[in-house]
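What follows are several structures.
Shared chain: subunit A. Partners: subunit B in the first complex, subunit C in the second.
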Partner chain A sequence: MDFYFGLAQLIGVHTLLGLSAYIVLLTGQVSLAQAGFFAVGAYAAGMLTVLAGWHLVPALGASALCGGALACAVGFPALRVKGLMLVIATLAFGEGVRLFFFNFDYQIAKGELKVGPVGGEGFRQIRFFPENGWETWEVMLFIWVFVAGAMALLWWFDRSRYGAVLRAVGEDELAAQSVGINLTAVKVSAMTVGGAIAGVGGGLYAHYTTHIEHASFNILLATFAIAYPIVGGLRSVYGTLLAVIFVQGILVEGLRFMGDWRNLLFGALIVLAMNLRPSGILGKGRHA
Partner chain B sequence: MNRIAFAISVALAVGVAHAQDKTIKIAGFGAKSGPVRSFGVNSEAALVAAADVINKGGGVKLADGSKAKIAIEFYDDRCNAEEGISVIRRIAGTDALVAVGPTCSNVAEPLFGILQKKVDDASDSGLQFPVFTDVAIKVGLAKISQWAFRNVPNEMTMYNSLFYWLRTQYPGLKTVYGGVEEDFAHSRATWYIVMKDRAAASGFEVVGNTKWLLADTNFATQVREMKKANADIVAISAHPFSACGALKEMARQGVKPKVLVGLTSSSSMETLQGCAKQAEGMIIPTSFAPINKQAVAAAKTTANFKGAADLHSMAAWENVFILKQVMESERISGKPGDVQADRRKIRDGLAKLKTTDGLIGVTKRDAEGEADKPYLFVQAKKGEWKVLHNPL
Partner chain C sequence: MLADLVQNSLDGLAAGAAYALLALGFTLIFGVLRRANLSYGPAIMFGCYAAALTHQHFGAGLFMLALVTIAGAVLAGAYVERLCFAPHREGSAIAAMVASFALWMQFEELAALVLPGHLYAFPMLHEGAPLALGAFTFRIDALVLLAVAILVCASLWWMLYRSRFGLAVRAVIEQPTAASLAGINVPRVLVRVFALASAIGGVAGYLVVASNGQITPMLGMWATLKGLLAMMLGGLGSLPGAVLGGLALGLIEAHSQWYLGPQMRDLIAYLLLFVLLAARVPWMTSRSAS
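Now for the complex of A and B:
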């Protein structure tokens, strides 16, 4: 069962990453910065548990704050541009964060060992879970508490005035602005919430893998982040979860036995899924 | 009466068949897709080939005196840390007694991290599963967990010896310049921790280095920097794919160092298939070359299973034979109910080893689970790796 619990952990972490992009996509913005916020959360939580000896829960709180604050700071200048320009701006930010960690050294002596991030070598021994005797199923439940919390928050947003405002901006910015909606406030707030969720996801990811390095937070991860809500559909928060299960559970793990063919099928099945459900798994059907 | 006799004979026949069908499962895993897929393909071929040789010889002797065949199951982790963790959890959920892998150091590092750090530490809930690495070569990884063991060459010793040898052979050479594949854990660590340090220790002046990425296809700027440095020795710490790109650009720009040094992992067929002409003269320390009968036979048998013999794949070959020896000395039962106990016996057996027999000589093993393998220097000559010097 440990394998399935481990897979559920991974699906949980990726769901948080996807949800961080989901709320930004609701405002009609395509952000490739989510991998950057995820990285910041991962390094922040890892450093707090390993170097400062914090418990993971407050460390994840700090990750959320770091991710959210950085997203807010990035949001103001970045969201002044639209469409492809925003994609490029957020991509540049994500790469900037990755390169920062590529050159980031901060080690302290802990007993006989030196611990902490070492640039391109990465940051190893982020072992809060095993060192505290957590079983695989307990880690899975822990991660899913955060996933459920993030999904509940976004579900509630969707049913509140705030959610309606987000979707209004996403549908037609001009119309939304004409009825008095402050576009900058809406977009930056969505970016901030997304950054905080990505920060938590990154913190959990660091403790799931026990080792992080700059290459883990590359453009591919940023692409996955926006692919999940797009493949799942923006109609409901559950779409992102289904897309993560589809990609990580079926395409990556389920097809592992197919060897080299897996990579070919991976792309083909996503193209097929998007053709059959152009608005996503939980979006409107092809002829709707 | 006839019915009873028939029933007994059927039961005996089933029993005999069952005894003959005993298998010990060894799981292999590594990159079988992506830019470094050849490593996984070659490792799998070597594992299957070694198991085939052992099985033809009767198999592995179990505690009850019976023999079991070795079955190899190989999993692709795409050189991805997340997938590597999933794969090892999946393997641990099967009846495999031990895993051989992974290919990439960026997979080995997190994967060793999820293993129990110290054996019998009840407060550590890490995975208790023995992993015996064949390829991932970045220095100092086995100390992450007492369940992790490696049969990879010690690059610190090898490059120390190589630069010392170059110093004595070519006393007129003074300077070294590095070309580094910066985004790959192994190549990066080998330049910054090993080559650069060892070159300086042998009295060379390291005049700089240039960087590129695994997926880069344009090396013009980097080679221009290299040309400007005009060093006597150029050390390329890169895997065959980008190393060939850099070597071709060096040829185009007319950069001809007096000595060209390569990364251990580049002493493979991929380099010769990709850029034999440009790699001509390149010197690399390696832990495998077909220099004796058993090494030649291992390479030939692996080729029958569509794999190429190099320092990595032949480590996988050696691992299977070492595991056979450990399984027999530790008297594993091979029974389905004893899987975890047998895994523990294998771990303990691997931890006890002080030396192991390898294809080109005896390998020393340290308390951290690392190997100190015999090595030699090979040089690319007319599309082949020729032994240049055997320092041992």
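Now for the complex of A and C:
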């Protein structure tokens, strides 16, 4: 049973990552920086619980703040460009964050052993859950509380004026601008909310795996982040959740019988999904 | 001091020549399709793995391996084009990008399946001492790389600016609708350009793998990232820009590695690119294609 709880943890964390890209995609922007915010959240929360001895909940709050603040700071310069140039600018930023952590050492002695991030080796012993005796299912529930919270927040955005503004910018920037919408403010705010969600996701990821290293936050993770909402469709937040279950569920569990060949079939399934429903599983049909 | 500077610049140019070839392939594809092909590097890797297998089983020579690499890259490129770009010609650019990402996963898995184990030896282009000329040394394989890159650029220039096919390609890049109205078979041009770009990528992949003497499943990601970076540095959609961007990337990497250490090398390149893009330097934002 623990295996399925573990899978549910993975799906929960990836849903947060996907949702962080979802809100940015609503404004029509493709950001490959989400893995970078995710990494910042992971390192921030890990350092706060391990080195500073914080409880996980305030540490996750700090992760959200770090991720959001960084996203806001990056959003202002990066969102000046569009299209493929934005993709590459955010990719460069995300890889820059990863390489920063590749070079980042900050260790302190704690009892017998030294703890903290060490460059390429990564950050081991993020043991908040085992130290406090959390069971796997409790960790899973804890993660899903945050997933539900993020989904509720984005769902509420979609029903509010703010959601309409986001989608207006995504549909047609010129039209949105001409009715008086401040494009920069809308895009940067979406990026900030996305960065905060990615930060929380990263913080949770760091604690359930107990070991993080720079290599996990590479371009593959960044591309997965935008692939989820695209595969799921931008109609609603459920699309992203559905896509994560589809992708990670199949990748980790569903194609187990395929053994080493499962990535081949996985790739084929995504291509098939994109060709049959270019605007996502829950999106508009092919000719809409 | 000065000798180091010159030597590093020479090494940087050699690395930059490979980046320039990768960026040329990317730019050709972007120019005609207006889509980013994330599977470009992995398709090149497919060609290199095909060559490594050929070498393992038949002990083929260098020239034969180069041909196998190029053929493999073109074959893999055709697979990518059919599945990711042909169905999304009118539709969403990002759907095509996500689809090409999915094929990337396939190519990586395939590479891990045919040659399990992380690192494989690949026959070297040249073994033995580098050529010493006064205070400077030239690696023979780096010289071959430079020469081939120049040859490829010259042939590409001739093909694009002196042949009917090139005229058609430039017309499609400039204005696809008008090109189609003028009687150009646009889908056919797209497929041919894709094949041409894959072949150029195959040449670059072969030279890089044969200079390093080894092949790893990281090659695909490496080629995609370096190609995208170099293309962007030179200005999106410009072919001379792609060459200059590749050389510039090589020089930047060589010098930052020398002065700031190998760990800072990639970081500097990414930060520079980010700053240049955010500052919207004029040559990057102009969309001219030729």
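By definition in this document, the second predicted complex is superposed on the first by the 286 of 288 C-alpha atoms of A that agree within 3 Å, B and C clash if a C-alpha of one lies under 4 Å from a C-alpha of the other, contacts with A are read in each partner's own complex, and residues count from 1 in each chain.
Here, a contact is a pair of C-beta atoms (placed from the backbone, for glycine too) under 8 Å apart; a residue touches a chain by one contact, two chains touch by 3 or more.
Quick caveat: nothing in here was measured; it's all calculated off a predicted structure.
**Q** After lining both complexes up on subunit A, report clash or fit for subunit B versus subunit C.
**A** Subunit B/subunit C on subunit A - steric clash.
**Q** Contact-wise, after the overlay, does A:A92 reach subunit B, subunit C, both or neither (first, second, both, neither)?
**A** Touch status of A:A92: second partner only.
**Q** Looking at the overlay, does A:A268 come into contact with subunit B only (first), subunit C only (second), both, or neither?
**A** second
**Q** Can A:T210 be said to touch subunit B (first), subunit C (second), both, or neither?
**A** first
**Q** First (subunit B), second (subunit C), both or neither: which does A:D105 touch?
**A** Neither partner.
**Q** By the touch definition at the top of the document, which applies to A:D172: first (subunit B), second (subunit C), both, or neither?
**A** In the superposed model, A:D172 contacts neither subunit B nor subunit C.
**Q** Once the shared chain is lined up, is A:L7 touching subunit B (first), subunit C (second), both, or neither of them?
**A** In the superposed model, A:L7 contacts subunit B only, not subunit C.
**Q** Superposing the two structures on chain A, identify the stretch of subunit C from 44-52, 116-124, 188-196 or 278-286 that clashes with subunit B.
**A** The overlap with subunit B comes from subunit C residues 116-124.
**Q** Is there a shared patch on subunit A that both subunit B and subunit C touch, and which residues make it up?
**A** 260, 262-263
**Q** Within the complex, which stretch of subunit C touches subunit A?
**A** 30, 36, 38, 83-84, 87-88, 91-99, 101-106, 108-110, 112-113, 221, 225, 228-229, 232, 236, 263-264, 266-267, 270-271, 273-274, 277-280, 284-285
**Q** Would you mind writing out the residues of subunit B in touch with subunit A in their complex?
**A** Touching subunit A: residues 32-33, 37, 75-76, 78, 81-83, 85-87, 89-90, 92-93, 106, 109-110, 113-114, 116-117, 122-127, 144, 182-183, 185, 188-189 of subunit B.
**Q** For subunit A, which residues count as touching subunit C in their complex?
**A** Answer in residue numbers: 30, 77-78, 80-81, 83-85, 87-89, 91-93, 95-96, 99-100, 102-103, 119, 218-220, 223, 226-227, 230-231, 260-264, 266-271, 274-275, 278-279.
**Q** Show which residues of subunit A lie in contact with subunit B when the two form their complex.
**A** On the subunit A side, the touching residues are 1-3, 6-7, 10, 120-122, 124-127, 129-136, 208-211, 213-216, 252-253, 256, 259-260, 262-263.
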